[in-house]
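Below, each structure is written out as C-alpha cells.
Both complexes shown next keep chain A, but they swap its partner, so chain B is in the first and chain C is in the second.
Up next, the complex of A and B:
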C-alpha cells in the first residue's frame, strides 16, 4: 500500500492506495503519527484507491482517529469504496468514522 | 458430489507475505469464477483474509514446528468454501469465540471498546453462512462456507 500526504491548507490529506490490511496498518499509523507530530490537526484519509480493508486496517484508522482527537484535532475519511463501506457498516464503525463523499467535503462545515 | 467450478490453493510460512499472496490467489479465483455475484466475492474475500490474518497474528507453533498457513478455496454450484489450516500449530486454547460481543450502541463507547481481534472474528461470522474451527492432528482447521448464487 502506498501513502501520499498533501497539505491542502484547511486540512492535510493522506491518500491510501492499495489494500489496508495487517501488513499496511502499521504504515498508516506511522504516516498519521508524522502528520500529527508535525502539527496537523485536521486530517482527511482519502480512501478512493483503497480496494480492501480488514479489521486490522480499521483498527489502525480507529487508533489514528483517537490520536488526532487526543492532540486536539480530528480525522475523517472520504471516498470509501464498497468493500470498505461494508466493513464499516458490519462493525458499526460508520457511526464514528462517517464516510464523506469527497475529501473537500470532510471539513466543509467546520 | 458437488462439482467444483474453480479452485485455488496456497501453503506458505504463516507471515505477512502469505497474506499478500492470498490476496493474489483470491483475485485469480474471481477471474476464473467471474459469475459469482460481486457481493459474494467481496464478503467471502473479507472473511478469508480475516481468518488467515488471525492465523498469522495469533497462531502459536507447536514446539519445534514452523507454523504454516494452508488455504484451499473452492467455488461450487451455490457455495463458496475456504479451508484455512494452521499447520504445525498448538491447539487453540481457548477456542475463539466466533460470536463475540455485539458492538456498543454509543459512538464514544464504540471508539473506546474497539477490539481488533474480536471484531475480526465477529466479521467472519457475519460474512459467511457457516464457520467451524476444529483440531485435526497437528493442525487447527477453519472451514468457512458461504451460500451464493454462484453457478446457478
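Up next, the complex of A and C:
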C-alpha cells in the first residue's frame, strides 16, 4: 500500500492506494501520526484507490481517528469504494467514520 | 524433529577450470553431491534443478555474479557463497542487496572454505530447529483453540444446531460457543480483529467473559456487562471484536439477540425468504460509550438462523449476493450440519484469506 500526504491548506489529505490490511495498517498509523505530530488538525483520508479493507485496516482507521481527536483535531474519510463501504456498514462504523463523497467536501461545513 | 536432508547438493559456478576442479573436490569430500557450471547462463539453469549450496564466481564470462545471485534468489533458498578475486570487492558487495549469504576471496585455503560452509549449514540447522519448535507450539495452540469450541452434542427437542470454524492460520480470531439453558440455549459468534495468535488470545478472553454473564436474565444487561469488561481488555491492544449473541426460548422459537458490528446473521424462513439482521452498533472495543439495543427474531418450524463470519463474504461482491447464496444453501441442505459443511466448502478458495465460521440453528418442521 502506498500513502501520499498533501497539504491542501484547509486540511491535510492522505491518499491511500492499494489494500488496507494487516500489513498496511501499521504504515497508515505511522503516516497519520506524522501528520498529527506535525501540527495537522484536519485530516482527510482519501480512499479512492483503496480497493479492499479488512478488520485490521478498519482498526487502523479507528486508531487514527482517536489520535486526531485526542490532539484536538478530526479525521474524515472520502471517496470510499464499495468493499470498504460494505465493511463500514456491516460493522455500523459508518456512524462514527461517515464517508464523504470527495476530500473537498469532508470539511466543507466547518 | 525434522531430519537433515540425506543428500546435500552443491552447485559450483566458476569459469576457471582449475579453481572449479578444486571446489568440486573439496565439496565432494564434505559429502556434497556436486554439479558444475562454467557460465552464468549454465549456472542459472542448473540452479533451477535444485541446490542447497551454490558457490558463485563474481566475474563470469557471460555475466555479473551479482546478477546471477539475485536471479537465483527469486526461486531458491540455497546458501549462496560468492567468490571474488578482489578483497576490496567484498566490502562493496556486503553493502548491496545481492541475496548472497557469505563472501570469500581468492585465493582461499580449502580449510577456510570448509569452515565457512560448515558455519553456514550450522546456522541453517539452528534456524530449522527454531522453526520446528514454533510449528510445534502453533499446533498445540490450534488444539487448545479447537477444544474451546462447544464439543457437547447439545440436543434440544425440535431443533438442530451445528457449527464449524476454520482458521486461516493455525489459530484464528473467530470463535463460536453455545450451551444449554433451562429455556433453550445461548449462542455466541465472534470475530476478533486481525488474524493469528494475537486475535486468538482475544477470542479466548471474549468467550470466557460472555460465558460469565450467562446467569444474567436480561440479554441487554448481560451484553452491556460483558462489553464493558471486554472493552477494558481491548483498550490496551487497540483491537476490537464483532459479536453476535443470541438466546433461544425453545418453546416459542423466539431468539433475543444483540449484534455488535457483526451484521452477518440471517433469518432464513422455511419458504426460502431471507432477512439479514443488521448490527445494532459498532464492534465491542471499537468506539467508547456505545449501547447495543437487542432485537428479536421468531423461528417458525422449518426456519433457520445462520450466523456467518466475514471470511465467507470475501467471495461476494455485495452483502445481498452473500445473503442470497447462504439462504440458498440452507434451504437446499438436508440438515444444519450439512449446511455448515457446504458453506465451509464454498469458502475453501484462494480469495478467502480470513478465518471462516458458520453456525446454523434450525427449528425442525413439526
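Note that the second predicted complex is superposed on the first by the 110 of 110 C-alpha atoms of A that agree within 3 Å, B and C clash if a C-alpha of one lies under 4 Å from a C-alpha of the other, contacts with A are read in each partner's own complex, and residues count from 1 in each chain.
One rule holds for everything that comes next: contacts are C-beta pairs under 8 Å (C-beta built on N, C-alpha and C of every residue); 3 or more make two chains touch, one makes a residue touch a chain.
All values derive from a computational prediction rather than experimental measurement.
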Could you check whether chain B and chain C clash or fit when both are placed on chain A?
clash
Just to be sure I read the superposition right, which of the two partners does A:71 touch: chain B = first, chain C = second, or both, or neither?
neither
Compare chain B and chain C by how many residues of chain A each one touches, and report the one with more.
B
Which holds for A:89: it touches chain B only (first), chain C only (second), both, or neither?
second
For A:22, select first, second, both or neither according to whether it touches chain B, chain C, the two together, or no partner.
both
Looking at the overlay, what does A:5 touch: chain B (first), chain C (second), both, or neither?
neither
Examine A:59 and indicate which partner it touches, taking first as chain B and second as chain C; both and neither are also allowed.
both
In chain A, both chain B and chain C touch residues 22, 54-56, 58-59, 62, 82, 86-87, 90-93, 95-96
Which stretch or stretches of chain C touch chain A in the complex?
191, 193-195, 238-240, 242, 261-264, 278-283, 286-287, 310, 313, 317-319, 354
Within the complex, chain C is touched by chain A residues 22, 54-56, 58-59, 62-63, 82, 86-87, 89-93, 95-96
Chain A residues within the chain B interface of the complex
19, 21-23, 52, 54-56, 58-59, 62, 65-66, 82-83, 86-87, 90-93, 95-96
Which residues, counting only chain B, touch chain A once they are in their complex?
16, 19-20, 23, 38, 42-43, 45-46, 49-50, 53, 56-57, 103, 107, 110-111, 114, 116-117, 119-120, 122-123, 126-127
